[in-house]
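Several structures are given next for inspection.
In the two complexes below, subunit A is the common chain; its partner is subunit B in one and subunit C in the other.
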Partner chain A sequence: MIPSIAWKNIWRNRTRSLVVIVAIALGLFGGLFASAFLLGMSEQRVSEGIRYETPELKVLHPRFKENLEPHYSITDAPDKERALAKLPLVVGISPRVITSAMVQTATTSSGITLYGVDPAKEKTVSMLYQTIWDSTAVRKNRPSVANIAQFVEDSCGVYLSDDQHIPIVIGEKLAHKLKVKVRSKLVITMQDYNGTLTGGAFRVVGIFRTSNTQFEENNAFVLRSDLSSLMVLPDSTVSELALRLTNEKQLNVAAQQVRSLFPGLKVYTWRDSDPLLGMIDGMMLISLISFMVIILLALGFVIVNTMLMVILERVRELGMLMAVGMSKGRVFSMIMFETVLLTLTGGVVGIALGYGTVLLTSHSGIDLSSFSQGLRAIGYSPVVYPHIDIFFLLLVTALVLTTGLVASIFPAIRALKLKPVEALRQD
Partner chain B sequence: MNVIEIKDLKKIYRETEVEVKAVNGINLTVAQGEFTAIVGPSGSGKTTLLNLIGGLDTPTEGDVVVDGTALSQLSSSQLIDFRLRNIGFVFQSYNLIPVLTAEENVEFIMHLQGVDKTKRRERAKNLLTSVGLGDRINSRPSKLSGGQQQRVAVARALASHPKFVLADEPTANLDSKSTATLLDIMLKLNKEEGVTFVFSTHDQRVVQKARRVITVEDGKVVSDVITKNGRKEMADSPQ
Partner chain C sequence: MKQIVTLAWRNIWRNKRRTLITIGSVFFAILLALVMRSMQIGSYSHMIDNVVHSYTGHLQVHAKGYWDDKTLDNSFAASDSLVHTIASVPGISLIVPRLESFALASFDAKTKGVMVVGVDPLLENKLTNLSHHVVKGSWLTPSDSGAALGETLAKYLGVNVGDTLVLISVGYQGASSANVFPVKAILKLAAPEMDNSFVFIPLIQAQGFYSAPGRLTSYAMLIDNNRELSEAATTLKHQLNSQKYEVMTWEQLMVQLMQQIKADNVQGLFMLAILYMVVGFGIFGTLLMMISERRRELAVMVAVGMKKTKLAMIIASEVMFITLIGLVAGVIGALPIILYYYHHPIWFTGQTAEAMRSMGFDPIMPFALQGDFFVAQSIVIFVIALVAALYPIFSIFRIIPSKDLRR
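Let's look at the complex of A and B:
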């Protein structure tokens, strides 16, 4: 009977209760949708980071990362590849030669990290090849792309293949910077294994486009055989072995297995290789929970204030209830039920609205193309697909319930402090 | 058999330098089945006396013994439970729960006592019928007149099978017709079911119906009279 009275009490002052419910609902809707938006954005960033930029695992000489020094390379790479291929968690292995280089055109130059890869093996580790649009295919299959002319011109060509002659694939940002297109020639200089300056001419075969312009500007890909030959490296020597796993969730297990396989080498997970990406992944959920807690804290004060008004308005009634024999525990629970039900009503509406909106936008995405330059500069895709998981929803529901419970304590204590004789005298 | 015994009861309010003796040494007994009015001018201490009898206030000195239990010996939570099971209250301003129907208001006390739903619903209906509101059991207080609300309050006071009912100026807000109806109902319950009523009042119409009239002035009992009705009642009683 007490929960039923509490529920009826909520509707004694309809306007006031509705204002509180709408405030809670809007607060939660906004908080939840913003969380889903940011979560979607960060998950896309992490997912694209792993797909295109950083392999899930990589094996390096312990000192290679300091200066990309060719002396600190991995020898006997084919043997190591074979050993890695036996690990059940590893599905892709790409041996890479990596060096710092200077890329030049007739008018300008730029410092880059140059990757020498075996195209077929690289495709098992990185999906970068998918970001190069075959211009004919784009025209044929994607006629709805609004700025198709620009798109095709900027991001087109083909990925590396062994039958090409000194091919290079560069990012769209670098292409813009160097003012080059597909089939343009680039001169690249670097140090060989002996420290002698060397270089060669490469022809642009493809321009890739990701959501990270920094990556586009600073990295280029050539055939490993071409790069090894320029750097005077034996074929069995590579800078790193990039790995792709069957399941990213097994990252640490796989890293441990690889470490025990090559105790003298250093194994990096994508979190180690790209700390920013790791931080986005690790911190986002905590940040969003803190964000929701702050929203609910603010709403909690609104609820406490409302319930105090309720108590003040009902002093005589509460006095009567205590006079006729309603125990303090029951008075406390009645106020608590009323507060929790009020909070939950707003909470359920807000969560439903928020989740509904997330569902509506999670497939179509939210197009932020007008901010795409800024977003791509920090590595984010201009189309964001909001996403929320059930764990986060349950957590928010639990937080709403906790807010209701905590917010009820102060008003309920105020009610318990009333003395029936004095309360009954109030007008 | 005495249901209420009041021994040297005092309630003194101290406000800065001034000391107000709201109840100043009252000794009284109220027997089972009485229909007693406490009268006196405003500020004479009637309401304070009722509050002390009902265990809503604590005396400065003396004690109230209800059916053998000294209220001063009970802790605050025991006192709440004691009120629930032994004392019915009727207030001047009805004080019904506005979100509940007449039936639910009466049921509520029994719910607090732990009576099961079927029994409490049946008793609530019977009580409301006995106060003439059998056809208004589903009405909320806002749909009832003042007199009807006070009758619901009487039914609520009786719901817990109390040892006695305390009513503080129950007719103060009622017109003469509603007052007469309410008094008839209270007298009927007193006579037919032996319910003990103790009430404070200013209303001469109520005083005339009482069987015992206790007059309080300056916190003291100045007269305690069995009225003509009371003497007649005693003469009519089998004892």
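Let's look at the complex of A and C:
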């Protein structure tokens, strides 16, 4: 009874109600879509970070990270690999030798982190090898189909393989900085196991390109056998074991399993090893929720203001209702229902619109490359795929409901305070 | 005209409650917009301040080509006239000379590639406040022959205050250089990169070490306000010989950070736009109701011969009054909130805090307190209110007394 009266009351003044509904709908639509956009952007950053830059899990000597000293290495790596391979959550294991090194050409030099990897195993953990084919040079010059293979090989090369002679793979940004191309020679200096300076020449076989130019500039990959012999490391000694999991959601479970396997070693999840990625992941949701709260706060004020106006307008009518015997409780709940129903109508329309748009754009993506060249410098891909998870959607729905309820209390109390006799006398 | 204003003023107070509600919608609009913007601007300027004061300064002057090829051969001769020219640019408040290059630092059996920076201990301290970062020993004095280095680096090399550090490098024009420096201070530098690789020695010592007497690789400068950055840079470029020197802003020196801040800012503006939309509708709704409630009253006025244009002007002035009162009240209402968070910034905790520290930032989110965005936001909300008032004002021209009177 009361809800249906409330619903009819809403539509007695169509324009006014529509203004509020449209405000709520647009606010939620905008808020949801913006959130999905930013969330999609940060999720992409995180997933690319895991694909190319930081493995989901890695096992290191507890003190290795301080200065990448070869003294703090993992010994008997093959045994540990076998132990790890038994864990059902682990799908890829790559033993890596890591050192800080100085790369030099005839004209310039640059400090880098050098990774020695076994190509076949590395491909099970890091998808970096895929980016070598994805060079802009290929897209820009659109070579004819006939010579595409040759062209790709000339401009961005190939990934490491065991049959190459002292190969190195570097990032596009570093290649530009050093002014080198595929087949150029680089001289790399580093400290060996005993702290003596050592070095060797490497030939560039491939140039990778990611969404993160900083990563491109600071990292290079060579064969583990080459690096180990330069650094006088036995073959069974590595700096880290990088792992890929069947499912990223099992991260903490897997980390725990690996920890109990090697109590003397330290296990890092990607959140520990790349705090910036972890921050993007953790902070984005919080900042989006606080943004939605501000939007809903603004909507709440719009709703309260409107309902106060409504009551002001209907003083006579409400007085009359009370005079003919409508109980205060009913008047109160009628106003409450009006407010909540008004909010919900706008809320449903807004959420539906917002979610619909997200669904529409989530496959094709939104290409920002024409007006945001800087994105790649901070590690973001220029094509954004908006994405929203159900948790966020439910949260927003709950927030809308709360807003409606909270906003309804104040006008309803005002309505209660009316005194029938006085109210009737007002014009 | 005066009559119209008086009428409008009296009109708005005839129904106090209705007016207060309408004022309320403007009040909340400006309040929320101000708080949101203050939060955004605060976190950007916090980031900028951190970067500028951690090392780079707002502006740097180098010899032409130094930034692309950072070698001592791209250094320049320090001169009083050069300092004078730079100081004459309005806004520049501090000029800090530096001579920096890579070297190998050794102690015992440990060796590491480090960045050796020759600094004027007093001026440098004004820019980076390094004396406050000393965890052991004491900050350099101009006559010192000692070195100050980052904590992580000191730990790696195993040096302590009083130990002697050996530096080996290639100096100006290929001269080989090697010297010993007693460690005078160990510093806790915010950015891990710096903490792990920076060695500071007094400028005179560095010039001797690198065989580059009287030469510098850069002047780092502070300006009074980051908003005058591009202006100061342009003036400076005009003053200096562009064949010999390059002028770079922190935005060019720290491209990545600048882009991060810009991306954040675009994000912030986008969110602000959505907020404007919501509050705009709020104001529109209340104004619309105000007019529809008074339809009868307005129809009477038209019926007794009031010109519709005059009536529209009265309503417009009413909206203007209401908006202005709402704006003033909103600004006053927002001030305590912003002031509070300006003095008591929000502290981040957990992973976020750690990540911010690892990038060299204090993990705080301060609010901004500066006149310009107050003015800007007030103008935006004012314009929004006026646009929202267009429909109600024009609806006056649609009043038909015979019909509207009967309602």
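Assume the second predicted complex is superposed on the first by the 402 of 427 C-alpha atoms of A that agree within 3 Å, B and C clash if a C-alpha of one lies under 4 Å from a C-alpha of the other, contacts with A are read in each partner's own complex, and residues count from 1 in each chain.
We take it that a contact is a pair of C-beta atoms (placed from the backbone, for glycine too) under 8 Å apart; a residue touches a chain by one contact, two chains touch by 3 or more.
These figures come from a predicted structure and were not determined experimentally.
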Problem set entry | Combined model on subunit A where subunit B meets subunit C, clash or fit | fit
For this session: Using the touch criterion from the header, give the chain among subunit B and subunit C with more contacted residues in subunit A.
Result: C
Exercise. Now for A:393: first (subunit B), second (subunit C), both, or neither, which partner does it touch?
Worked result: neither
Exercise. After superposition on the shared chain, which partner residues are touched by A:320: those of subunit B (first), subunit C (second), both, or neither?
Worked result: first
For this session: Based on the superposed arrangement, let me know which partner A:19 touches: subunit B (first), subunit C (second), both, or neither?
Result: second
For this session: May I ask you to decide whether A:294 touches subunit B, subunit C, both, or neither, giving the answer as first, second, both or neither?
Result: second
For this session: Check whether A:416 is in contact with subunit B, with subunit C, with both or with neither, and answer first, second, both or neither.
Result: neither
Exercise. Is A:406 in contact with subunit B, with subunit C, with both, or with neither (first, second, both, neither)?
Worked result: neither
For this session: Please indicate which partner A:214 is in contact with in the superposed arrangement: first for subunit B, second for subunit C, both, or neither.
Result: second
Exercise. In whole Å, how close do subunit B and subunit C get at the C-alpha level once superposed?
Worked result: 9
For this session: Mind sorting out which residues of subunit A both subunit B and subunit C touch, each in its own complex?
Result: none
Exercise. Where on subunit B does subunit A make contact in their complex?
Worked result: 51, 54, 56-57, 77, 80-81, 83-85, 89, 91, 93, 95, 97-100, 104, 107-109, 111-113, 156, 160
Problem set entry | subunit C residues touching subunit A - in the complex, by the definition given at the top | 17-18, 21-22, 24-25, 28-29, 32, 36, 69, 109-113, 152, 155-156, 196, 255-256, 259-260, 262-263, 267, 270-271, 273-275, 277-279, 281-282, 284-286, 288-290, 292-293, 350-352, 354-356, 358-359
For this session: Show which residues of subunit A lie in contact with subunit C when the two form their complex.
Result: 13, 15-16, 19-20, 22-23, 26-27, 30-31, 34, 38, 66-67, 102, 107-108, 111, 191, 195, 197, 214, 271, 275-276, 278-279, 282-283, 286, 291, 294-295, 297-299, 301-302, 305-306, 308-310, 312-313, 372, 374-375, 377-378, 380
For this session: Flag every residue of subunit A that touches subunit B in the complex, lowest number first.
Result: 1, 5, 8-9, 11-12, 316-317, 320-328, 330, 420-421, 424
